[in-house]
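You will see two complexes here that share chain A, one where it goes with chain B and one where it goes with chain C.
On to the complex of A and B.
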C-alpha cells in the first residue's frame, strides 16, 4: 500500500479527495458543536456525559482529517480557523437549529450515519493512513450510533409523530450529501475508494430503513428523493453558504486557545 | 428490544447465554443494560467493542476492527 500524496496524484483526483475529506471533516465540525449546544437539553445526566463525549470525539475527527490534508498541500491553520462561512463544506442537513429533542436526535443520527458511510468507502483504500482514519472514525461512530439507537427505541415505544416528522424532513438532506446519480466519481474511477457515492447513498437508504423497521412504526420516506437546486455545489457537497449564525458558533473564537 | 450486537452475551453471574438487552442506556455512558433469563440477574455490558457500524463492503453486517 502507498500513501496518497500531493505529488502522486492528478489535480482532479487530488481536488476530489480533498473535497470529500473536507466535507466529512467540516460536517464533524458542525456536528461537534451541535452536540455541545445540545448538552443542556439532555433529558438525564447520562445525556450530558454522552453529548460532551461525542462532541470531543467529533471535533477530534475534524482535526485528524484536517491534519491528513496537510499531505496534500493544505494549510492546517487555514483549514481550522482561516476560512469564511462560504468555504465551510458541512452538509446542509446540519444547517438548521433543532426544533425539538426528536429533531436533534434524528439529525445527529443521520449525520453520524452519513459521515460513517462516506468514510467506509475508504476502508479498502490504497492509502493506509486514510484506512486508519476510516476505521478510527468507524469505531467511534458505532458508539455514537448506539446512543441514537437507544433514544430511537424510546421514540418507538411512545407517541412518535414529532420524531417521524423530523425524520421525513431531514432524511432527504442526508441522501442529498452523496450527490446525484450522474456525478462523476473520480475517486472510484481512480481506485481511491472501492465503493462509489451512488452505492454509499443506497447503503445509507437501506440502513435507515432497517433501523426504522419496528413494529407499529409507520414511516416510509424512501420515495422522498433529494432535490438539487441551482446552488448545489458538487465540490462542496452542499447548497449555498453556511448560515451566518451557525458560522459564528462553529468558528474557533480564540486562536490563542487552539494548539497546532 | 433486540440488537444483534448483544446476542449471546454470557451472563457474568451464571454463565448462561440466555440473556437479553433491556436498554442501551446502562449504568454509565459506555454500558448497556442486560438481563439473564436464567438467573434473572441484571448486569451492565460495555457496548463499545471496537466494532464498525454496518457498511456496504461487508453486506451491512458491521465488522470487528
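On to the complex of A and C.
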C-alpha cells in the first residue's frame, strides 16, 4: 500500500496546497461568522437553529483544515489566533456586510458553492486525509446549500428584484476567487487535484446558471470573465487586506482572555 | 417622523398558502424502524429538510425523512383522530 507523505511533495506544491487549504479554511471562518451574525435575522424559529448549526459546522471545517496543515509544518495556534488581518485569506466575496436578507442568502450560497467546488477538486487526491476532509465538507455543505435553495425558490416565487441585484453584484467576486486563466496550477500538475482551477471556475459558473434557471427569473451573468486589479494576490486568493471591522468580528479569542 | 418598516410576507417567507406542516421520521441504523421524531413548519420542501435536520439532531441519524402532514391519510374513524395542528 502506498502511503502518502507530505515530504514527497515539492516545496512549490506544498506552498500551493497550504495556500489553497488556508483560502478555504479562512473563508469558512468568515462564513461561520456570517451565519452567527445572521441568526437573529432568521424568519422563523427553526431558522435560528439552522443558522447556528451552519455556523458551528463552518467553524468546524475551519479548525479541521487548520489541523490538517500541522502536517505541513504550520503552527495550529498561530493559524487560529496568531495572525493579523493582512494574513487572513478569506474570499473578497465575504468582506462587505450583507445589505439585505436577499444579499445575505445569495452571498452564503455563493461562498458555500465556491468552497465546495474548491474542495471537490481534492476528492481524488493522493492524500487520504485531504480526501476525507473534502468528503466531510461536501456532506455538510449539502445542507447549507439546500438552505439557500429553499430561500431561493421563495425569491423566485416573489420575482424578487433585490435578490437579482445581489446575485449580479456578488457573483463576479465568487468567480474571481478561482484566479486568472493564466495562473500556474501547480496542484493540478502535481496530481494533488484532478480538476484545474479554470475548470472549477467554469463548473461554478454552470452550477450557478443552472440553479437560477427558473421561469420568470431573468438574470444575465456578465461575470464570465472576472476582472483583477493590481492588488490581486494570487497566493492569498484575494485583493487587499481583510477589513479591520470584519477582522475584529472573526478573529478567534485567546482562550486565556476568554476564561479570565 | 420614522417610517414604519414594511414587511412583505410573500417576498420574505413565501406565499401564505405555502407554509405547511411536515412530519419528521428518522432512524439511527437499518435495524430500527423509522421513528416519528417531531414536526416542522416550512414554506417548501428544501427548508423543511434543512430545518428538520438541524432541529432534530439529538442522534446521529442514518436516515431522516419529512412528509407533508397533508399527505398522511388517517385510518382511524373520521373526526376521531386527535387534531394537534392544521395542515
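Please note the rule applied: the second predicted complex is superposed on the first by the 245 of 260 C-alpha atoms of A that agree within 3 Å, B and C clash if a C-alpha of one lies under 4 Å from a C-alpha of the other, contacts with A are read in each partner's own complex, and residues count from 1 in each chain.
Rule of thumb we're sticking to: contacts are C-beta pairs under 8 Å (C-beta built on N, C-alpha and C of every residue); 3 or more make two chains touch, one makes a residue touch a chain.
A quick note: this is a predicted structure, and the numbers were derived from the prediction, not measured.
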{"item": "Overlay on chain A: chain C relative to chain B, clash or fit", "value": "clash"}
{"item": "A:11 touches, of chain B and chain C: first, second, both or neither?", "value": "neither"}
{"item": "Partner chain in contact with A:146 - chain B first, chain C second, else both or neither", "value": "both"}
{"item": "Partner chain(s) touched by A:49 [first = chain B, second = chain C, both, neither]", "value": "both"}
{"item": "Which partner, chain B or chain C, touches more chain A residues", "value": "B"}
{"item": "Shared chain A contacts, counted only where both chain B and chain C touch the same residue", "value": "46, 49-50, 53, 143, 146-147, 149-150, 153"}
{"item": "List of chain A residues in touch with chain C within their complex", "value": "43-44, 46-47, 49-50, 52-54, 101, 143, 146-147, 149-151, 153-155, 157-158, 160"}
{"item": "Complex contact set, residues of chain B against chain A", "value": "1, 3, 23-25, 28-30, 32, 47-48, 50-57, 60, 62, 65"}
{"item": "Parts of chain A lying in touch with chain B, wherever the complex brings them together", "value": "46, 49-50, 53, 113, 116-117, 120-121, 123-124, 135, 138-139, 141-143, 145-147, 149-150, 153, 194-195, 199-200, 202-203, 206-207, 210"}
{"item": "Chain A contact footprint on chain C (complex, rising order)", "value": "8, 10-15, 18, 40-51, 53-55, 57"}
